[in-house]
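What follows is a pair of complexes built around subunit A, which joins subunit B in one and subunit C in the other.
On to the complex of A and B.
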């Protein structure tokens, strides 16, 4: 056990280094950089390349690995002005898009192989105070400490460092004192990006690197920054040591999967703990919810388009037959539309979920297990699975408590990740990474007249259409009911809503339960259509954020905006981007997100509405 | 039994006692003016009564029941409501929607249930406070004085039995102030207990049944308006020196 403790503490010092770049950037520029881990992975690939091709030790490679990350970070500075309010939340979405783009770039350049740096002699054990530790790890920890110490000196002893801290504490005040915040932003981005990239080669010697490995370092950085506060290297170090220790002990006691579960659980606890005391400006910014509302544009064009779309949707199987592939595309587009619509409901209350895969995955696995192992009919399993996901919605509302804004989003991300790890490792039930196969599909139409008209898989299609219609009907009803007003009010001022008599906890519970119901239904449908489910497809981070991307792309303010976004992006991916490159979908989704944040604040429908109103002139 | 009682209310923020051992009662159909220099704890008292804050010590009773741990929405439905000194309406909603929320969620059981009726009713309340022309505008378009009136309308929509009004006259013209005070006196005749925080004492005095003066978190005087404003303790609190 002593070795586990020592190992954990040593890894913990590296964690602090890993987090330092993120904390610096967030502290100064308020960008919550969800692509932080991807910058680390970028540096890792550079370091691995140098090691494999030229034999460079990871420590030697650090300065070189820092450069591309630094460049990317600094190049993004001009985009800051276009992010809009609420800044932190929107920067999360924006950097998530950047993360997707970086991941696809890495996949194209370096392929998806697992890479690892194994410097000779690094796993040679050294006896330290009677405990055996790997020599390599010790070098990593030593390097980390040196860099952290230098950073600390920089921040506290130099004027330059003090300007960084000044801007992070009070931007306007620092400007009044003659410090140029734009320059400080640039420096912070360069330094922060550089620290992330430099940590890369070290990261690659600790664990296998793949293009999608970035989420790990990002989560660590988030945990330590929330724990340690923004200006303090010693806070980060303390947090890193505690986190490393906790993980080490958890892994020693329960096995490897508990390492991730521990850090995710700690993140949830930290979010709850840090959320209530008003920790200054950063806390206030993190709690801010989004400001877009709902709109029911009376533009006749939208009504016609919507009705036309519905007619096409009902008749599609007839139009598409006998091409099964087209029907399949239509069905999947409906499933994703359902997911995106379900996401947009809590969003009306300011609850921006980054973990919708949790509902989807629960629906998928529950329905799969009930029909496969429990021998229930697929219809019954679907209903039961959806109800189970709705129940999880209530649980999620309780776990999130009074969290709002970015805090809430991070909590949902953590919850979905926990479920993914559970699904991956609870092999007795879920078969782990292999997934469940042979899930019974929804009944096909028997060959004959009707099947000739609409295709044998029309049941899948109409089941999806029915669920989507139910979801949209529910949304439409909510928008007219008192509940809709309550959701809007909570988003715009929860305290004021409470003072007007709204039981905010109850309303949020309802929103998440209904959202979960339909998202779970989408997951269950997916499982029965593909007749296969695995943790990577059911609980992936991309799947979590996909409904957000689709809804925002179409225009989450509008009733059918998420449907439009889902149809456009899904079909765009299947028909176009997926064929261009293996990571093609990442380019599409990443690009869509960035486009929405920077240029289309209300999505496609918002843009269309603005154009149409512009042509009519001001009303 | 008083409608609402604060018993020994104390609230500390770190080392600073914003309110110390304050005991007060409110009766229906009365207007109580709460006065005191800035920082004397008036808004803190409102926060404790309406539930935005919990006391460090002491209790709040409503119709004899202890409600110290009740959440704001529950107190609102029970009949306590307040306006906010710094107006915080729902900026992207129309005024009618702002007020309708209180009608739908905050009014006791016999309140309106359907959104369209609530919006109709909201328009009536808004014209009572003088905002009839702005019913369909978004709240973010209002001026300060109009925001204060909106706050009042929002609080009244929840059918309070005790209405706590925090500096609603700020930013009103003299006629505007008269209109608002007239509105509040009409509420009083309907049985509502009103507690007003105001700095404009001359406007209050003809209207108030009772005045309570706070200073540094404590009650330093209480009673009929003419007596309280002339009491040495109050004069010292405002002017800083014993006045001969």
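On to the complex of A and C.
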């Protein structure tokens, strides 16, 4: 047991170092850097290169490995200055694009081969108070501790550190006191990027590295920063140690399944415990859902385009050729649209979900099991599964409804991860990692002699279209109904909403249940399209991030913004990027995301509306 | 204004075309064209594996085009290790580009959905790295694969039962369909043979800290550790075994132990580890030594590096389709999905990896895994006895004695 505790503490200390750069940048500049892990991996590659070519130890390589990441972070400052509001959400989209570009750059430069730094002697064990630990891992923990201590001193004892904290606490106040926030931003980016890069060689010493390995460090950084607090190195360290210890002890005592469930369950519990956090800044910082306004310009301005789009959408199965391919693309575009549109409903109340994969996965598994084991028809399974996901929405509202901003986001992320682990280990029901195969597809349309005209995927397509139409109709109705106003009121402040007679708990419950219903429907549909479901793809983190990206891309303040974002991004990737650059499509995808978020402050629909209104002239 | 072409001219044209048809039809194989679609993860978490498979396929196609017996066009698509992308690629290749066959695929969560599309569209699909037993139990007629689970079970349990004869074995396996099915089958076979399996744990591939799991292995008193996971996990796990001084009689890794990085990165810690291999440079099906050397040389010339074993899987997968297409062409039949499927069904091809014949379910009949042990800078085949090139060092020396 002692080894498990020691291992957990060592891992936890390193987790805190991994998160420190993210926390610093998020705290000072409000940039939610999804490319954080990629900066770590960039540093890891530099460290591995120096070790392989010149025999540098990972600790010696840290200052050099910090430089490229530092350079990238500082160079991004002018771009970030162009990011409009809601800043945090838009910074997520921007850094998502940057993450794809860095990954592509790494694969082009270093290939996709696995890299690991193995310094001589680091594998040897050392006995410490009767506990055996690896010498290398102990060196890593010691180095991380020293860096965290230095950071703590820097932040608390120097004028420079106090300036950082001042800007982090109150930007306008700090400016009034004579601190230049732009300068502080630049320094925070340099320091945060440098810390990420410097952690890289250590990362590559305990774990193998590939160009796409950044997702793990990013996830750890998000969890620890939101939980541990901003700008507080001791909070990060405490969070890291708790997480590492919980993982280690649970795996030792209960086996591997309990490793993630315990740590994530603990996180949920602690989040509820600190639902009114003493500092609470992380909560405030992300409580900025997309503003929808009372009017819905999309309906008035885009009536003709919308009607045309609907006609094309309904006739696509007859118009498309080659049918099955284009219908499959159309169906998937609609499934992603459904997910993005359902995500945007609670987002109007400032409830930014990082765990929409939970609804999607529940829908997929429930429908698969009901049709496979319960022998229900796929249609009935789909409806029942969507209702079950809606019920989970109510549960989610009970568990996380009291949390605000980033705390809510983190809780949803934890719930989706817990469900993934449950699906993975509940082998008696879900068949675990094997996944469920042979799920019945939706029956073909009774097209009779005209079957060849609509192809084999028409049912999938129309089912997705019907669900999306229902989702959009519900959204449109909610936006006009008192419920829509209540959502807006909650976004602006729960206390104020309560004063106006809004029952925030009830409204959140409804929003999450409706959102769950349609996201679950998307998951169920996905299961019947693929006839296969497994934990990794049903509860994939990508499914939790993409709705946000797609909604911001299309224009999150518009009813049809998420739909347009999903359709353009998905079809753009499939029909354009993949064909233009089969080996380098991620460059185009990442570039397009960055370009749109920088050039179009309200997404594609915002740009279209501005053009139309510009042509019409001022009213 | 429309002018009628004189009748004589039309007759001359028809005659000319007929003559040309006879003149250029000495054997259909000369001009037969195969349109081949490939789907592999070229970016994302399986990019290294997908790239190795892709290069093997590319080499096979380039060789076929150079030999002149078949004109092959290869359309490659990246599935980004995402099932929805893999299905989109399959639909595009089949319905837009009209390929006659599909090849490629790494891990069953990507292979499975592609196989559904292939079956529905009636296009043969040869999967290059797939183990899930359920995929060949569906009665699908268009699904073929060149590897199967039973070969892993037979070789790994075989060496335990015939050579090591331990009392208890620990099994750690990663959360993928193939690895978890392999672990389940191993446990069943071991327990039938009255071998205890006190630790049977699944983990998420890529974790940094195996300490809790390894201390459970040590505390259970297991003599042998089976690690049904990918090579990168082996590297991390073995280093922590050494640090914690968990002394086992044998460490037996399922996948990727034949990667050169295992010897290079683990150094002395890698000595005496056991793993499985189907083929690697220097270890080849008897009678195919020259073909194996030619593949290694060709690969080095083309890509400037030693071929990893997965490249051979890609190469053999593509060669199977090429051979089926050549067979159809040599019989004067059009090279299309149905003729390629028939060719694959009747295939009997000798390759450095295996003699390739498919059974009625699409499984490769003769796929075998060998057990190798790292001894010095080389890997010695130690099981099965008829292919052994050396004796196993068992038990492995304790970490302190190295």
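Convention: the second predicted complex is superposed on the first by the 428 of 619 C-alpha atoms of A that agree within 3 Å, B and C clash if a C-alpha of one lies under 4 Å from a C-alpha of the other, contacts with A are read in each partner's own complex, and residues count from 1 in each chain.
Keep in mind that, in the parts below, a residue touches a chain if its C-beta (ideal position, glycine included) is under 8 Å from a C-beta of that chain, and two chains touch if they have at least 3 such contacts.
From a predicted model like this one, the values you see are computed outputs, not experimental measurements.
K.L.:
Is A:384 contacted by the first partner subunit B, the second partner subunit C, both or neither?
P.N.:
Neither partner.
K.L.:
Once the shared chain is lined up, is A:522 touching subunit B (first), subunit C (second), both, or neither of them?
P.N.:
neither
K.L.:
Between subunit B and subunit C, pick out the one touching the greater number of residues of subunit A.
P.N.:
It is C that touches the greater number of subunit A residues.
K.L.:
Does subunit B (first) or subunit C (second) touch A:332, or do both, or does neither?
P.N.:
second
K.L.:
One more residue to check, A:552. First (subunit B), second (subunit C), both or neither?
P.N.:
The answer is neither, since A:552 touches no partner chain.
K.L.:
Please work out whether A:89 is in contact with subunit B alone, subunit C alone, both, or neither, and reply first, second, both or neither.
P.N.:
neither
K.L.:
Looking at A:132 after the superposition, I want to know if it touches subunit B, subunit C, both of them or none. Which is it: first, second, both, neither?
P.N.:
second
K.L.:
For A:504, select first, second, both or neither according to whether it touches subunit B, subunit C, the two together, or no partner.
P.N.:
Touch partner of A:504: subunit B, not subunit C.
K.L.:
May I ask you to decide whether A:116 touches subunit B, subunit C, both, or neither, giving the answer as first, second, both or neither?
P.N.:
In the superposition, A:116 contacts subunit C only.
K.L.:
Could you say whether A:211 touches subunit B, subunit C, both of them, or neither, answering first, second, both or neither?
P.N.:
second
K.L.:
Across the two complexes, find the residues of subunit A that touch subunit B and also touch subunit C.
P.N.:
none
K.L.:
Which residues of subunit B touch subunit A in their complex?
P.N.:
50, 52, 71-74, 76-77, 81-82, 84, 88-93, 97, 100-102, 104-107, 113-115, 118, 154, 157-158
K.L.:
Which stretch or stretches of subunit A touch subunit C in the complex?
P.N.:
1, 3-4, 6-8, 10-11, 103-104, 107, 111-114, 116, 118, 120, 122-125, 132-137, 206-208, 210-213, 216, 244, 247-252, 255-257, 259-260, 322-325, 328-329, 332, 424-425, 432-435, 437-438, 456, 526, 530-532, 534-537, 542, 574, 578, 582-583, 585-586
K.L.:
Could you pull out which subunit A residues touch subunit B in their complex?
P.N.:
Result: residues 291, 293, 480-482, 484-486, 488-489, 492-493, 495-504 of subunit A touch subunit B.
K.L.:
Spell out the residues on subunit C that touch subunit A in their complex, using ranges where they run on.
P.N.:
On the subunit C side, the touching residues are 42-45, 47-48, 50-51, 76-78, 82-84, 87-88, 91-92, 94-96, 109, 112-113, 116, 120-121, 132, 134-135, 138, 175-177, 179-181, 201-204, 206, 208-209, 211-213, 215-216, 231-232, 235-236, 239-240, 242-245, 261, 265-267, 269.
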